[in-house]
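Below you'll find a set of structures to go through.
Next, two complexes with chain A in common: one pairs it with chain B, the other with chain C.
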Partner chain A sequence: MIGVGKVKQYGNVLDKPLNKGKQEVSLSAFAFLFSELVQYNQTQVDNIGELERRLEDAGYAVGARVLELLCHRDKGNRRETRLLGILSFVHSTVWKVLFGKVADSLEKGTEHEDEYMISEKELLVNKFISIPKDMGTFNCGAFVAGIVRGVLDGAGFPAVVTAHFVPMEGQQRPRTTILIKFAEEVLQREARLG
Partner chain B sequence: MPRPVRISFRALNRLVWTAFVLLLSNQMSIWMLICVLIIYCQLFSFSVHDNVGSGKVFGMAAIYSLYIINKSGGLIYYKDYGSAGRMDTNDSLRVASLWHSMHAISQQLSPVSGCLGIELLQADTFDLHCFQSLTGTKFFVVCEPGAQHMENLLKFVYELYTDYVLKNPFYEMEMPIRCELFDINLTQAVQKDRVVFLGR
Partner chain C sequence: MATTACFIIVSRNDIPIYEAEVGVAAKREDAAQLHQFILHAALDIVQDLAWTTSAMYLKSVDRFNELVVSVYVTAGHTRLMLLHDSRNDDGIKSFFQDVHELYIKTLLNPLYLPGSRITSSHFDTKVRALARKYL
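Right, the complex of A and B next:
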């Protein structure tokens, strides 16, 4: 066999490093899995608010794990402690690992000091989903909102995170905006740090 | 000017004759012949408006209408692309279920073993191209006689169906399709350039 001499022999299987493997999963497989997640949760609830909450909870668990993993992998076991730092961490690092690209935009809310928005023209989870008319403003991006909440909460920035459709001029499809409203204590701490 | 014409199915005529011949050679039961005759009569009992050329006005490929029927013959999607000759809901439902039975019977009548049913029906005023997926969902398009690349279009519609309908958690299997994304992408696909592009 070619190159057989170069392969290091490990006596114990546990000593063998894990191979890196593919970094991506099939979009179809994910879409079907996510579809099942939504359908399952739909059978468990009797109103749309409850469905949104359940999807958010499912995302929260993902967010908490993603934070742990990325802090270890990319940041040498350190995490962001400043507001803008953690926001750009979510907007770029987390988004890149989860969706393969940086989020389209990160903006500060104009009306309130404590609000920030991450916008996506076409959120990956919504790629194949059409919301029926009778479900009103429901957005499956609640799952992604949950992920963001999980990351922020784990990093010590408690916040309320929601997903909304925002119609865009000249576009057939609305974009999805993840609205982050930080808790008061976060802003107070931020002011103290200067 | 659109004028009402009767569907004159040369192919269907041939089907009925084949049925007679098969009956004479004792290869088919009398009941199947009756089925064929009933369908034959029903197809002739309603008329379809001739809308040759109306599609061209809108820059569309000469497609008149598109149907998707589920595995039990129910119409789950219908879209009209001609300005004239629009069929009402009842007629489109009837065409869908008739085509379903025709398709099933043609499979049995075919002299070739392992036949998957009619793929193309050529009539004087239109062509009907049909594509059946492995799960039994049928896609068929009624278009101008001699329109090209319809197989590709149907395969593409199938692809859109698997993406924007089957991956949508709010779609119930075998039920009528009401998905915004499916509509948007289908409209794009049916535009003429798109069909030519698909046929490369």
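Right, the complex of A and C next:
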């Protein structure tokens, strides 16, 4: 087996150190694992909405853990208390750790005060996936939307997060946008904190 | 070494997920309940205070007779609360940081549901060892 015999064995997981370790995971290993995740959930549900929800829930669990771990490792134990702070944390730190690069863009929605969008030309999880026509607007980026929702919810900024395809002219594959809609209480608290 | 100390981890939804009495003094039967009551009452203050600063260690937030409540808030708004009668700020801060690391390691377990009680006896042993070391 690869790597066996090289790693020091710890009696219990609580004794292992929390340091960074290897920064990279094999892309193909992740792609296979993710494709299995999607296929497994497909057998369990009856409709597309349910499938999206399941992927989102899987991402939510990841997001909750990523938040705590990254604040401890990369931010030297500083919490985020402001909206822009947590959004730039997601846009840069979380994206860098999960996907190896910062997200392409972070925009504020023009129509509503509580909407923000993180855009990516090609989401890593969608790299090897093409959606058949009869699945309509289904987007496996729902997994990433779940991760973002997990991070925001954990930090105390409840939001509804969804993933959408935005067709771009001149490109064959559409751009993916993660739409974040914050709950009312977040805006009220932001206004109160000035 | 503090003579009385009560340590509680409270989740985001105000549910205690871990509690331990870590002092050395002889216990009265109602002392444990009194400690939990004091810590519970301090939760409101912690909630307001948590949004005013981006630091995690909130020092001492409340007093009751000669007991002091110190709180450490993690990124996921899990509160580590300690009720004690000593003034050892540095020791308490190191204690909180080490327990925070233990908490993160527990959280990384995919079989642990965030917000549920921590039942691992290994975790309990380590927390008590840390308390003996720092408090």
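In this text, the second predicted complex is superposed on the first by the 173 of 194 C-alpha atoms of A that agree within 3 Å, B and C clash if a C-alpha of one lies under 4 Å from a C-alpha of the other, contacts with A are read in each partner's own complex, and residues count from 1 in each chain.
The rule is simple: a contact is a pair of C-beta atoms (placed from the backbone, for glycine too) under 8 Å apart; a residue touches a chain by one contact, two chains touch by 3 or more.
A quick note: this is a predicted structure, and the numbers were derived from the prediction, not measured.
Enquirer: Looking at the combined model built on chain A, do chain B and chain C fit side by side or clash?
Expert: fit
Enquirer: So, A:Phe32: does it touch chain B (first), chain C (second), both, or neither?
Expert: A:Phe32 contacts chain B only, not chain C.
Enquirer: Once chain A of both complexes is superposed, is A:Leu84 in touch with chain B (first), chain C (second), both, or neither?
Expert: After superposing on A, A:Leu84 lies clear of both chain B and chain C.
Enquirer: Please indicate which partner A:Met135 is in contact with in the superposed arrangement: first for chain B, second for chain C, both, or neither.
Expert: The first partner, chain B, only.
Enquirer: Going by the touch definition up top, name the partner, chain B or chain C, that contacts more of chain A.
Expert: Ranking chain B and chain C by residues of chain A touched puts C first.
Enquirer: In the superposed arrangement, which partner chain does A:His72 touch: chain B (first), chain C (second), both, or neither?
Expert: second
Enquirer: When the two structures are overlaid on chain A, which partner does A:Val166 contact: first (chain B), second (chain C), both, or neither?
Expert: Neither partner.
Enquirer: In the overlay, answer first, second, both or neither for which of chain B and chain C A:Leu187 touches.
Expert: neither
Enquirer: After overlaying the two complexes, what is the shortest C-alpha distance between chain B and chain C, in Å?
Expert: 23
Enquirer: Within their complex, state which residues of chain B touch chain A.
Expert: Interface residues on the chain B side: 163-164, 167-170, 178-182, 184.
Enquirer: Which chain C residues qualify as touching chain A in the complex?
Expert: Contact set of chain C toward chain A: 12, 50-56, 73-78, 97, 100-110, 114, 120, 122-123, 126.
Enquirer: Once bound in the complex, which stretches of chain A touch chain B?
Expert: For chain A paired with chain B, touching residues are 28, 31-32, 34-39, 42, 128-132, 135, 140, 172-173.
Enquirer: With touch defined as at the start, can you tell me which chain A residues reach chain C in the complex?
Expert: Listed in rising order, the residues of chain A that touch chain C are 12-14, 16, 18, 61, 64-65, 67-72, 75, 77-81, 85, 154-156, 189, 193.
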